[in-house]
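Down below are the structures I want you to see.
Both complexes below contain chain A, partnered by chain B and then by chain C.
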Partner chain A sequence: MSEVAKPKNNRAWFLVLPVVVSVAFTAVIPLMTVVNFSVQDIFSPDDRVWVGLEWYRTISRDPEVRAAFVRTLLFSAQVLLVEIPLGVAIAVAMPKRGIGVPFALVVVALPLLIPWNVVGTIWQIFARGDIGLGGWVLRRLGVDFNYALDSTDAWVTVLVMDVWHWTPLVVLLAYAGLRSIPDAYYQAARIDGASAWSTFRFIQLPRLRGVLTIAILLRFMDSFMIYTEPFVVTGGGPGNATSFLSILLSKIAVGQFDLGPAGAFSLMYFLVIQVVCFVFFTVLTRTGR
Partner chain B sequence: MAVLTSRADERTRERVDVVPAGPVRRLPWAPVVFWLYAATLMLPILWMFLMSIRPNEDILGGFELIPDHVTFANYRTFFTDGTWSDSYRNSITYTSMNAVMSLVVAVPAAYAFSRFRFAGDKHLFFWLLTNRMAPPAVFLLPFFQIYSSVGLFDTHLGVAIAHMLFNVPLAVWILEGFMSGIPREIDETAAIDGYSLPRFFWKIFLPMIRSGIGVTLFFCFMFSWVELLIARTITSVNAKPIAAQMTRTVSAAGVDWGLLAAAGTLTILPGAVVIWFVRGYIAKGFALGRV
Partner chain C sequence: MAEIRLEGVAHSYDGGSTWALRPITMTWESRRAYALLGPSGCGKTTLLNIISGLLTPTQGRIWFGDREVTHVPTHERNIAQVFQFPVLYDGMSVYDNLAFPLRNRRWPKAEVDARVHAVSRLLGLEDQLRRRSRSLDAGRQQIVSLGRGLVRSDVAAVLLDEPLTVIDPGLKWAMRSKLKEIHRDTGHTLIYVTHDQTEALTFADEVVVLADGEVVQTGEPTELFLEPAHEFVGHFIGSPGMNVLPAEVGDGGAVTVGGDTVGRAVPYPDDAATGADAATGDDAATGDDGAVAGHGDGAGDGTGGDRTVAGLAPGPVHVGVRPEFVTPLDGGGVPAGVPTLTARVRAVRRMGAYDLVDAVLAGGAADGSRLVAKVGAGSTAEPGSERRFALDPGRVYLFRDAVRVGRVVASANGGGAP
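Right after this comes the complex of A and B.
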């Protein structure tokens, strides 16, 4: 939102009213319901007991929840460490003009348009040692690869799947950022005899700050909330190896139908994402200013 | 003095001309790296496609790089068995409805954010974005209860409304970026020329942000199309998404891999078609939004 002398006009609220109403229906009312769940022990719709913050205490001390929290955090950290540099590198290598451009864009965007459970299905097939190309090649190379039995293999499969699925988002963002750099900058660099690396380090990278902020935020949120893809491929297993927070949450909420703990869990989960995003956002927009 | 300057200009121009054209000093291996990456991206999709044109006995019979027997039986099953083609149509229906509805409520709001200051505007803008940070699993139970109680359970409209949860904030965000790129003088000139706000909006402003609208529709379509968790929770038969249908391929005889792969391949098609139409704007849409 550019702040250059915009007129003040409170009637603009009428224009945002439809958005507020629609978001209130889709987000606020359900969220209030969850708050309601989280402070009660619900035996049946007519038999509820107020328990205050009891469920919050239970959930935050639950070893299974804590383990899933650490696991999810580790997963998000690995996702960011791999996808952000890889995405920027691919964007730099991507063709900038010529007939290759539209094809490159379509190919890169394609994984983003595949339903998430189909992404899971694709990798479920691809990584299988007996009928999948990926698993078969690994076995041929002498790796005893089986994501259904070995925890490390399962983790690697889910991570590689996420890198395959979401690096394109970083590529597109970084590519858009690179395209917005005026040619004059490059010409200046060339006159100075700058190497490819220093052109990248001192011209391209600083201009990518904005899009990379968006990329890091989106990738953090979505990887921290990941559910469908690992659920299809590993179902959270083997054991608990890929049981991320959202998988555990839906097990408690839908599987065991424990509304109270699930509500408390949901709200704490939501809060953690907001806090981490806020910290990322503040750090990324403050530094280097 | 003038002569001196112009000579200096000429010299600069000559020096610039010596530098080869093109925005970046091309790294010789860059195209190789990129197209290798592109091929890697396509590999798992291609593998699924190959599986979809093989009979099930062959799929489970053993590993083969090139299919021995090519069959389109899986696709035939998909289109002749009503539940599959119905669910495919369901997904397309609610996804299109959602894209249009999200756009309709987001356009006025984005205009308000890009043109006016009003009480609480910044807080509202950020609050809208925080809704994208809610794990869908959080909303499953209340969604099920609320949509059942208001009669939206298992309807296309219900799913379209539910998906507005994450698409409306996104649409406002993208559109605001596009609208802020249009100078406010345009609005003022139109007002002086006697255009009322609705007429100005319809006749002048919307055509100017045409590409922004295209990009917004694309992203709304995309996020609604790929979402499964919410769509599956609030539907059972009449509005069942294709993605949910796919989770039910396990029968007594085991997983029907061929049919699953065929359905998977078909779910990629609408996305591929849509991308082709907005290919020039995909990258732009992301870059213009602001956090």
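Right after this comes the complex of A and C.
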């Protein structure tokens, strides 16, 4: 191999520059602004006081924040428990070849294509007892359903809405994972006399590990940060029943304009998501190795 | 354990417009090792999947001994099948992998344990039973997938679909001898699919050559080499492949290659008795279905004609002779009773242990046809010189429509000397 003489210089840094600049504007600078807010008490742009970690202490002791944290965690857990098995089940049941494939894919993907606030509006109307189809049917069946007054009804409405909206994502990921399993595995299972359940348990499920890890992480992050849909449907109510962390945060930041506490809240919120995702990822990729 | 019989088995993936496998009638004897040899896309895997029951043939019937299994689902056939790459339940231990087929059949725990240990002893996996199957190397993984088939009692046949594709070249020999050893110890009927002639010839008692969905010859390795029944077999087996020269059979039976009389044509009525011709003959017989007969051109017709016509009809043929049976002559006399050809030496390729003399036929219709001779190292043939080449009298064949129809022997007047 001939040695090509290469001039040594630092020009490569220029190639990285666009990334550095865009990341700075999209992530670093906004984040540092928030950090800046979180350690000051701001009365006006010219009148601010350094308070150190005071806001962090306040926020972490606030009963309303704690309640919202538990509520959001519970909501995410329920979302994962419903959406992951349901999504996998639908993906397994979907046609593998033929004209049914594009048809099923389009039908499944539809909810993903609808803007979030429109999803909220759809469900706000759908679940209404007087004019909404869903609420009306429930009432006809003898269920006293009213999401605006009953906190359980409100919770269920938001949960079902999220399942309807986001299970398709799990379905698409799982379906892609299933399609990548070579035929030979199914043939071997037939030769070995494996039942449909055994085929799922020992061939399909182990091979979905990768995509399900992604699905769980995505669904956790999104559901833990859920804002638009419950905001449109219930506005966090009745009472505090569907007041998730993000709704509470926006109330503090935009409603009360308490930038210091809101900054501290945001950073802690961010940190919790990072930690939980890290734990999920580590556990899911370590087990079964 | 029983023989496996195919009766006019054919398969089409698209409802009959193209045939992946044309009607095949043959018997796989029990306890023998077969290699199913052919290029990619010739229907090898299709045939294998039909035997194992993963595919139901479009037409024809399959028998395991005296039980018809054409529509018997695959898990009731007691077939062991190994695929191109290791197929394992990779979350399970080696033990659980081996036990899986038995547990699915609800065997009692003690019997499962006994069988698993017996098979792991046979395969040399005893020390690996507790390991995760995914942590084994590719060769061992293939052994485990083979073991999942062998663990069942009364295995009808072991089918291997190019099982060494993913194995390191260095390990292939070891794996092949391991497979042979297992075959010797268990005595199962073994069908080994491959597109590698060395693998097929070294492994099998009998080689079945498949081309374009058709069995073109069945025979022992030496038979395929010495007496190819089909031009494809001549090309595909041997390195380099058989020389195929355009030729003409005259009215008197004289065979001329480009105006150069090589010898006399002798038809081969007894050829029809060999395995492959029996199969192609049946092909023509069962081919009364219009769609299939249309594809069964050439081969079937050729053998059919050979049987009915006593002599060889005049007309164009191909002369086929392997490079091993072509010898350049150093001037001087031509031995009596030896067919000869004249060609211009173009190059001599030194291959180490042997030389390949690359020559071009001189004159006539066959002008430009290549003739390759495989001779001992140190050949004296000069590039550019014209030479006579002697052809081994017993090993020069005539092919019509790619099927062997006869043999060339020296003319009565002593060789093919002009």
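Basically, the second predicted complex is superposed on the first by the 271 of 289 C-alpha atoms of A that agree within 3 Å, B and C clash if a C-alpha of one lies under 4 Å from a C-alpha of the other, contacts with A are read in each partner's own complex, and residues count from 1 in each chain.
Simple rule for what comes next: a residue touches a chain if its C-beta (ideal position, glycine included) is under 8 Å from a C-beta of that chain, and two chains touch if they have at least 3 such contacts.
For clarity, every value in this text was computed on a predicted model and none was experimentally measured.
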Q: For A:10, decide between first (touching chain B), second (touching chain C), both and neither.
A: first
Q. Which of the two partners, first being chain B and second being chain C, lies in contact with A:206: first, second, both, or neither?
A. second
Q: In the overlay, answer first, second, both or neither for which of chain B and chain C A:190 touches.
A: both
Q. Where does A:198 make contact in the superposed view: on chain B (first), on chain C (second), on both, or on neither?
A. second
(Q) If we overlay the two complexes on their shared chain A, which of chain B and chain C does A:170 touch? Say first, second, both or neither. (A) neither
Q. Can you list the residues of chain A that touch chain B in one structure and chain C in the other?
A. 187, 190-191
**Q.** Complex interface listing, chain B residues touching chain A
**A.** 15-16, 19, 22-25, 27, 30-31, 33-34, 37-38, 40-45, 47-48, 51, 59-60, 62-63, 65, 104-106, 108-109, 111-119, 121-122, 124-125, 128, 130-143, 145-146, 161-162, 164-165, 168-169, 172, 176, 180, 184, 222, 225-229, 242-243, 246-247, 257, 260-261, 264, 267-268, 270-272, 274-276, 279-280, 282-284, 286-287, 289-291
Q) Where on chain C is chain A touching in the complex? A) 49, 52, 54, 73-75, 79-81, 83-85, 87, 89-92, 100-101, 104-105, 145, 148-149
Q | chain B-facing residues of chain A, complex | A | 1-2, 6-13, 15-16, 18-20, 22-23, 25-27, 29-31, 33-34, 37, 89-90, 92-97, 100, 102, 104-118, 121-123, 125-126, 130-134, 136, 164, 168-169, 172-173, 175-177, 179-181, 183, 186-187, 190-191, 196, 199, 210-211, 213-214, 217, 221, 224-225, 227-228, 232, 245-246, 249-250, 253-254, 259, 262, 266-267, 269-270, 273-274, 277, 281, 285
Q.
Under the stated contact criterion, what part of chain A meets chain C in this complex?
A. 182, 184-185, 187-188, 190-195, 198, 202-203, 206, 288
